[in-house]
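Next, two complexes with subunit A in common: one pairs it with subunit B, the other with subunit C.
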Partner chain A sequence: MRIEYVIKRLFYCFLAFFVGISITFVILHLMPGDYISHLLINIESTISPEASEAFKHKFGLDKSLTEQYFIYIDNLLQGDWGYSFEYGVPILNIVVEKLRWTLILLIPATLLSLLIGVFIGAYFGWKSGSKLDLSVLNVMIFIRAIPSYWWALMFVLIFGFYLGLFPLGGYMGIGVLESGTDYLDILHHSLLPMITLTLCSIPGNYYLMRNSMLLTVGEDYIITARGKGLSEKDILFKHTVKNAMLPMVTMITLELVFMISGSVFIETIFSWPGMGMLMIDAMNARDLPLLQGIFLMDTLLIIIANFTADMLYSCIDPRVKVGE
Partner chain B sequence: MSLLRIIGLKAYFPTQDGIVKAVNTVDLEIEKNERVGLIGETGCGKTVLGFAIMRLLQPSTNIEGRIMYNGKDLLKLSEEEMRKIRGKEIAMIFQNPPTFLNPVLKIGYQIAESTQLHQGLDKKAAKEKAVGMLEAVKIPLSSKRVSEYPHQFSGGMKERAMIAMGLACDPSLIIADEPTKGLDITIKMQIVKLMKEVTRQGSMLFITHDLGVAAEICDNIAVMYAGELVEYAKTEDIFKNPMHPYTRGFLNSLPSRGLKQIRGISPSLIDLPSGCRFHPRCDHIEEVCKNWHPEMVECDKGHYVRCLQYG
Partner chain C sequence: MHRKVAFIIGKKRLKRNVAFTISIYILVAFSIIAIFSPVLTPYDPYTITGTPLEKPSMGHILGTNDLGQDIFSRLIYGTGITLFVGFVGGGLAILIGTFVGIVSGYYGGVIDEFITRGIDLLMVIPMFPLLLVLASFLEVSMTRISILMGILGWTMFARVIRSQVLSLSEYNFIYGAKAMGASDSYIMIKHILPNILPLIIVKFVFAVQTYMIMGVGLGFLGLGDPTTISWGQMINRAYTNGGFALGMWWWLLPPGLIIAFLSIALSLGGYSLEDKINPRLRREIEIS
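And then the complex of A and B:
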């Protein structure tokens, strides 16, 4: 039973993966502009038609779109992500290198915002209706309603510029040229973007958890627990929080999508050398293969997260174990 | 002194549509080792009465009257003091085990929880006790079943587990809320037999809309209609000599007596009928019934009825 469930989930993952990359392929090719015409602006001279043709031929751009699509899929299945126009190196190498930088922000921000969001959400879901609960709800809506790049700009302005507590951007100080990599320095540079990303992601987690708590508190088995003479604290921790967290696990993936898109803006504003900034660069350069690679990596991240959530869910919810 | 004495109990829910008068001036006594049946149609206020005794109604409910338990008024106790009574001295078997059992906790844990709390058992002893309780309610393979989750139990077994939970701390009073509802006839009879066996000691308020089951189990029966008691008597008197027209109608709706339904529908608890609550559906209605609300009167020894025919 268990193994069938895993296989079924894996199958859905592959399906989602193929649908995902196909849609990406179509959308990217619908985008106006191409790499050559982008180059023209930069080098301010004309490129000979022969050179242009040679370039197109070299990268297979003279073939029909359908043909390109199948070549792309075929290459992917062999683990070949293609070459970047801009950098002329294998895309996988660039993306993996940049992913490391993104994860430096993304992992702590995900964990922190989850922890804080779930905690506040659980507490106010339990004590819902109080004045404080409503104030917190409004503050959360306010944080969420404002785009992450505005928060990023404000934080740079206040903590970086006026207070001078953090660097304005980048990932290392100029000093590393002499002293070599300084991890503390990187940490110092990463703090402000990380805090911004965390802050922007707290409301989503808070809201999911609070809602889930509100539903759970109204369940009949809470009455049973109270009827046994359990204290409110025991009812909260033993009968409510775990039940309320269950639906959260599957919703978390949605939050991750939100965070990845948020990190694009935040990385750009903080000049953080991650996938988000890479995406903006690739977009401006119309480096389609690179863009494709970035979206491919994002798709993979989300699918892996989703799969992990499903597996985790089946471990903590006894009802899924039988495989229905 | 009786174990439980309810005096003039009212439980009103303020809602957007108006005040739901779910329990209306109920007086009821339960002696030590007595089993009282509380019967009535769905929605007449039986569960609310049970919840009121356990003080499990939501805080916004307006509750009046007194619920004397061993000489103490439960309605006056602090939440802290009440917690020491719930599950230990008064326990409730809730009416719908599929929703009243926590789906993500093991059955054994849910039974063991109150024994750990009230009897100070450690984890191991509490688990052993839980196995014993499952055995007592006749669940086969109890030492294996104790580690299973509610969804692995059949409907009848969930009901048994719920009963085991209620009885775990040997409460002096058990409130059983329709423990036979929704079970098929063979399982129903098994549960009835079980309830008789396991509650030989201690008192019970047995809530049901099934008169046949009440007859099997209870010493006395209270009939409830639209939030108030309309008849109270020994079980055999209710069957041999039902006095209130509603009780008679209820008896006639039994399969053995021809399944004749009472005409009309039960009244809204927001707009209660004037006079006798039952008059719009009654076959013996006189003019006075429409305006005069009858009191409970003792017609025979220990046989009380709320009807103007007898007052």
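And then the complex of A and C:
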């Protein structure tokens, strides 16, 4: 039964994957304005039609949309994500390279914000109703209400510009040209965007955890535990927090989607060479294959996160009847 | 002990009520500013009324931007489009989400299965990047962009409302209405909708907040119609055209602070409403 469930989920993932990339393929190819006329907007009249035709032929743009679609899917199944108009290199290489930079920010930020959010949320869910709880709640509402790009701008302005504690942007100092890659330098550059991303995702985690705690504290088994004479510490850690953590697993998936959009702003403001910057770049250049590749990677990430959350959930919550 | 807890919760609810009233006042004030912005502005925001990069003075309260346009007037003019994007985008997303959620939750069975699976499939598509691409390729007005935002963002709301309707449909009064021969559409409109209305309103407030921030964010990224004055575009201009490097805080800060202020007001209103309707805090479900 368990294997059946896993196979069913996997099949579903493939379905979601194809539906996702098909929709983005159609939308992207319906967009007005192609690469060559956009690139050569000023010299369009002087470019020879032959050159334009040769470009279109090389990238298969002279074929019909359906034909292009099947070629695209066929290539994809062979692990070929196509070539970028702008850079002329395989898209998979570009996307993977940029993804690495994004993950350098995303992974620590996700883990940190989860850890801090869950910890604060659990503590104040337990002590709800106190004066401190109310103040923390208001502070969290405040942090969340301010847009992530505004936090980022303020941090650059205060810590980068006025205090000079951090670089204004980028990922390496100019010094690497002589000394080679300096990991400490990269860390220094990544710290401020990482802190911003973390700060912006703490309130969401905190709020969910606190609500989940409030819900769990009211359950009958907590009253039973108290009736059994267990110590408050045992009730908190062994019964309440453990159960209240369950909805957090689903949260991780939502978090990822939130972070993908958030990182577009953060990367733009901090000039961080990740997926978000790449997307803005590809968008401005009308580099359709590259955009398609970015969507493909985002979709893949979301699907993998969904799948992991599903599997984790059925593992840690025995009440979920797997396969039904 | 019990009395003490009840007292604290009661006091807290009182405070939340105050927060809600304040946020309504703020929203009304901003709407008035938006409607009467041509009267309230000292200068035409599009014309050049001073030398570029003037410091704040009696003539120009917040100085002038790099083109010599009055920053204060532009700030006032930007109010309308921000509210518009929030209300239209958020409203549309809630409208579609409510419709799909009620249909899915009320009918259940195959229809529900079909819709839920469909939403699951749609949620795999990274909507925000898609919005960016559509906004940049179509080069449309902010009106169209807010409609696009609504069309792309309803899935989350449909899910929440569906699960609420699903449990509501099991109540006896729904069965009673069915037994009396009421039509499905009558039950959905007269019985289901009023009962989930508080939830819809809370979600609407948060949706407006989110979409407002997103609308300003799009402007900040340089997307959307460049001829429409918006706070996002103002931040973008100040950031890229020297306001940042020259330390001209009166150019960069006001639009950001004002969107943050509006967003905090809305979110306080939303949380206090949520507090009111949240059955977890009241421990009883009221069915009218």
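By our rule, the second predicted complex is superposed on the first by the 310 of 324 C-alpha atoms of A that agree within 3 Å, B and C clash if a C-alpha of one lies under 4 Å from a C-alpha of the other, contacts with A are read in each partner's own complex, and residues count from 1 in each chain.
Throughout what follows, a residue touches a chain if its C-beta (ideal position, glycine included) is under 8 Å from a C-beta of that chain, and two chains touch if they have at least 3 such contacts.
Just so it is clear, the model here is predicted, and its values are computed rather than measured.
**Q** Using the touch definition from the top, say if A:His239 reaches subunit B (first), subunit C (second), both or neither.
**A** Only subunit B; A:His239 stays clear of subunit C.
**Q** Using the superposition on chain A described above, determine whether A:Gly227 touches subunit B (first), subunit C (second), both, or neither.
**A** A:Gly227 contacts subunit B only, not subunit C.
**Q** According to the stated criteria, A:Ile252 is in contact with first (subunit B), second (subunit C), both, or neither; which is it?
**A** In the superposed model, A:Ile252 contacts neither subunit B nor subunit C.
**Q** Answer with first, second, both or neither: which of subunit B and subunit C does A:Leu105 touch in the superposed model?
**A** Once the two structures are laid over each other on A, A:Leu105 reaches no partner at all.
**Q** Would you check which partner chain A:Trp150 touches, where first means subunit B only, second means subunit C only, and both and neither mean what they say?
**A** In the superposition, A:Trp150 contacts subunit C only.
**Q** By residue count, which of the two partners contacts subunit A more extensively, subunit B or subunit C?
**A** When the residues of subunit A touched by each partner are counted, C comes out ahead.
**Q** Kindly classify A:Asn211 by the partners it touches after superposition: subunit B alone (first), subunit C alone (second), both, or neither?
**A** second
**Q** Would you check which partner chain A:Val136 touches, where first means subunit B only, second means subunit C only, and both and neither mean what they say?
**A** neither
**Q** Now for A:Leu199: first (subunit B), second (subunit C), both, or neither, which partner does it touch?
**A** Neither subunit B nor subunit C is touched by A:Leu199.
**Q** Looking at the complex, which residues from subunit A come into contact with subunit B?
**A** Within the complex, subunit A touches subunit B at residues 219-221, 223-231, 238-239, 242-243, 246, 316-319, 322.
**Q** Once bound in the complex, which stretches of subunit B touch subunit A?
**A** Going by the criterion above, the answer is residues 51, 54, 56, 83-88, 91-92, 94, 96, 99-105, 110, 113-114, 117-118, 149, 151, 165.
**Q** Which residues of subunit A touch subunit C once you look at their complex with the stated criterion?
**A** 12, 15-17, 19-20, 23-24, 27-28, 31-33, 129-130, 134, 141-142, 144-147, 149-150, 153-154, 157, 161, 211, 214-215, 218, 257, 260-261, 264-265, 268, 279-280, 283-284, 286, 291, 294-295, 298-299, 302-303, 306
**Q** Which residues, counting only subunit C, touch subunit A once they are in their complex?
**A** 5, 8-9, 12, 15, 120-121, 123-130, 132-134, 136-138, 209, 213, 216-217, 220-221, 235, 239, 244, 247, 252, 256, 259-260, 263-264, 266-268, 271, 280-281, 283
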